[in-house]
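The structure is given below, and queries will be raised subsequently.
Order of writing sets the chain letters: A, B, C, D, E and F. Residues in each chain are counted from 1.
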Amino acid sequence: MMESRKSSESKTMMTEIVLPNDTNVYGNLMGGRLMYWMDIAAAISAQKHCNAPVVTASVDNISFESPIKLGNTVHIEAHVTRSFHTSMEVHLKVWGEDHIQQYKYKSNEAYYTFVALDSNGRPKPVPQLIPETEEEKKLFDAALRRRQVRLILGGKMKPDDAAELRALFVKD
Amino acid sequence: MMESRKSSESKTMMTEIVLPNDTNVYGNLMGGRLMYWMDIAAAISAQKHCNAPVVTASVDNISFESPIKLGNTVHIEAHVTRSFHTSMEVHLKVWGEDHIQQYKYKSNEAYYTFVALDSNGRPKPVPQLIPETEEEKKLFDAALRRRQVRLILGGKMKPDDAAELRALFVKD
Amino acid sequence: MMESRKSSESKTMMTEIVLPNDTNVYGNLMGGRLMYWMDIAAAISAQKHCNAPVVTASVDNISFESPIKLGNTVHIEAHVTRSFHTSMEVHLKVWGEDHIQQYKYKSNEAYYTFVALDSNGRPKPVPQLIPETEEEKKLFDAALRRRQVRLILGGKMKPDDAAELRALFVKD
Amino acid sequence: MMESRKSSESKTMMTEIVLPNDTNVYGNLMGGRLMYWMDIAAAISAQKHCNAPVVTASVDNISFESPIKLGNTVHIEAHVTRSFHTSMEVHLKVWGEDHIQQYKYKSNEAYYTFVALDSNGRPKPVPQLIPETEEEKKLFDAALRRRQVRLILGGKMKPDDAAELRALFVKD
Amino acid sequence: MMESRKSSESKTMMTEIVLPNDTNVYGNLMGGRLMYWMDIAAAISAQKHCNAPVVTASVDNISFESPIKLGNTVHIEAHVTRSFHTSMEVHLKVWGEDHIQQYKYKSNEAYYTFVALDSNGRPKPVPQLIPETEEEKKLFDAALRRRQVRLILGGKMKPDDAAELRALFVKD
Amino acid sequence: MMESRKSSESKTMMTEIVLPNDTNVYGNLMGGRLMYWMDIAAAISAQKHCNAPVVTASVDNISFESPIKLGNTVHIEAHVTRSFHTSMEVHLKVWGEDHIQQYKYKSNEAYYTFVALDSNGRPKPVPQLIPETEEEKKLFDAALRRRQVRLILGGKMKPDDAAELRALFVKD
């Protein structure tokens, strides 16, 4: 039987500088470029959890808050919040940092989902995740609700079957 | 007063070949690279609608279905579905095509939201969008519901205030 | 016997934004970068026609008219004009668009020639092309003349053998 | 008055390795990527001649002979063949080299034309070019004929006015 | 007076996946690509220490041990070891990780030196560094010796003046 | 027995323009980007000497003098200075050139070491190098001393065993 893993074991830290190469015409990091980096950080985190090749299965709603500026540093922190049968949800926090002016600012938070693959490219089971801290437990619990949103929006689940999500709207 | 625009006026078509440069270790287009291209296609579409610089404000849930293979063609089709005060929702359809074997396959559908900026980098009002076809009207109506999901998930709206979304769960 | 194809079946539309990454020191799209994109758009078009891998065989005279500016959109439209035994000529039209100022401007027109390859990497026959519109017919007829220019300039044909081209200079 | 320059003064040598990044799906250097490198080598050569910023004005017929393979070295040699009022024609020779098997093979020869710009981005006069060797003189003479082909194909000259080119077809 | 900084305050962690894009023809991370990433990680670390723009002044001897393989993760850890008047030495540790086979392997260790710049692009004083742990103190002390090697090899110091380095060879 | 090679046979010339893509936020060529180009130029030079695949084994101290500016040309000249059993030391000279202002300036000099690989990826013997000019002979002799610095700094040799290096500090 596969051994469980702690959330902290999948923690991944990525750091980049925003170069001209990465900015739009207004001197800010392009959303698409940032999602590209987030995809790599999240994939590393998922691989740490399952020790298998992974592919991006889905990306949840991402809201970009402050744009990250040319020359600033981008910090991306990722860890697995919960695993399902063959998939893992990864939570990402992204913030910018201006080392000259010495302040940090939040860019966004996001959830990417990955599927582990066996040597034939088919989904394979992944270890269970054990949350430890309070924050990890909260992310673990809410992961189920986010999964239902994904399945409903992807047309793979009916709203009526999404018990956890339904509870947000209906006080029975 | 700003003149309204048709949904079809913002239609944008992007075509790419998946080169070694764009693939992960398994020979498939990386999720992050595809989101980068989608961001550019969607930004062009939003600019067509509002004739102003735009920045990515948010990206909705994206589910990746079939992976797009090395050497295959990527087709990205984008158009604005609805505009709000200073923002626009863009719908994207992505599919792969194998010209040798002669078949097409769906990769994903997604919604990106952009904000128009004035010359000081502050949000500025955008023209209203007029949907014409049946599909455009459906996307236009559902845009409100998707916006509520975004606002709730982003912590900017309470579930109780999301009338359109609530209706999916509660038959009063 | 291989079935013929219409010119319109190979039509390919590519759209890009000029990012800092793509410009020279004067803020204009570099000629080399544009030829790179044109090569990809033209290769997709040729593959649509022949359903086989293709390689660039030659590129005709390209005149760059207005330079395309940083932040502007690049539109590349490609379609096969005529096929020869194992090769295809692709016509490309390239224009820039400034969505803020709302005008379009021509960048260039060009002809790329591709050869189809079989599984051993040797040239293989391609379907014949059937031009339909007036413009397609004109491009189809002139393709022979352009081919003679290519062969003469490449040292593979003597001027005296280029009947169609000769007719431009000599009224017998 | 501007001082003339020798052809050899603009000689430029570029060397690259074909990396996975630069190949198509068949493991050969992509035509578009090579044209990108050629554009840079030719621009450096033109700048050496005129000591001013330059932009690509046109590219002549390029025939790709042997494809250059992954891991092989690309050699690009460029020099100005002739200058006209504000423009310069640059001749390029490209060959591949396999250092392991120890052989070289020709890829293509090409002509790029550049225009020199003043500080307002307008064309400015360039020094005259003095050919010295036999090969340089041959390239210098033929430059006029190639210019006529460019102008005719670009619709800026009538075949009847192209005296040098006409002489190839008509023995008066 | 400028306040001193601890070594740990400049700690920077960078994580990357080796993609096809980054490998040589043998499927290993190219030395040049790795030095590029190391330069960025080290620059971020130096900026954290001095809160000013920095430029790479020198790179010490780097020995590459095990090559990092396609698909493996690259970890780069950087921190400032010592500051001199306007410059800072950054120590880098680089290792690869194979998440599938679950082992880590050392790639190299290196020292990059950066100079802080004021708003006119001239070197400006940086805060002193306070080493705390045993390892930090060892790196701090040896930094002087490495600086002498740099100055001697760069022709800016005579071997006789390099007291600390000399002590390695001569037991007076 | 393997035939010796002259130093001049491995001479390699690389030329690049500094594009926005290659600069840091201050408009200068990034150190990491330059080391990437130097790695490629040096690898080509080493391959010319040994006619085998090579990998970067080490990079010596590099001091960056004048930064190379956006739009300027980068010249990299490389040749093998000496071969050891399975490795080769390559000397690189790098300078910038401003074609508009018409001056050249030194950027840096460096030594990269490469190891030749056989078809199983194991080190294989390389031809001996014969220096011819005075400068080549000086580089050849000093190569031994630099090798000792590398081995000492890499912990593979004790200072006492570095006879050539020791002689710099101790006049016996």
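One rule holds for everything that comes next: contacts are C-beta pairs under 8 Å (C-beta built on N, C-alpha and C of every residue); 3 or more make two chains touch, one makes a residue touch a chain.
The structure displayed is predicted, hence computed values, not measured ones.
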What are the chains that chain C and chain F both touch?
A, D
Going by the contact rule set out at the top, which chains touch both chain E and chain F?
A, D
Comparing centres built from CA atoms, which chain ends up most distant from chain B?
F
Turning angle required so that chain A lies on chain C, C-alpha fit (0 to 180°, nearest 5)
120
Taking shared residue numbers divided by all residue numbers at the interface, is the value for chain A and chain E over half (same) or under half (different)?
same
Centroid distance [mean C-alpha coordinates] between chain D and chain A, Å:
49
For chain A and chain F, let me know how many angstrom lie between their CA-based centres, rounded off.
43
Cα-centroid distance, chain D relative to chain F, in whole angstrom:
31
For chain B, jot down the residues that touch at least 2 other chains.
20-21, 24-25, 30, 40, 43, 53, 71
With touch defined as at the top, which chains are paired up in contact here?
A-B, A-C, A-E, A-F, B-C, B-D, B-E, C-D, C-F, D-E, D-F, E-F
Parts of chain C lying in touch with chain F, wherever the complex brings them together:
20-21, 23-25, 30
Which of the residues in chain F come into contact with chain D in the complex?
12-17, 40-41, 43-44, 47-48, 51-53, 71, 73, 99-100, 102
Complex interface listing, chain B residues touching chain D
19-21, 70-71
Chain E residues within the chain F interface of the complex:
24-26, 28, 30-33, 35-40, 53, 55-64, 67, 112, 117, 121, 149-150, 153-154, 159-160, 162, 165-166, 168-170
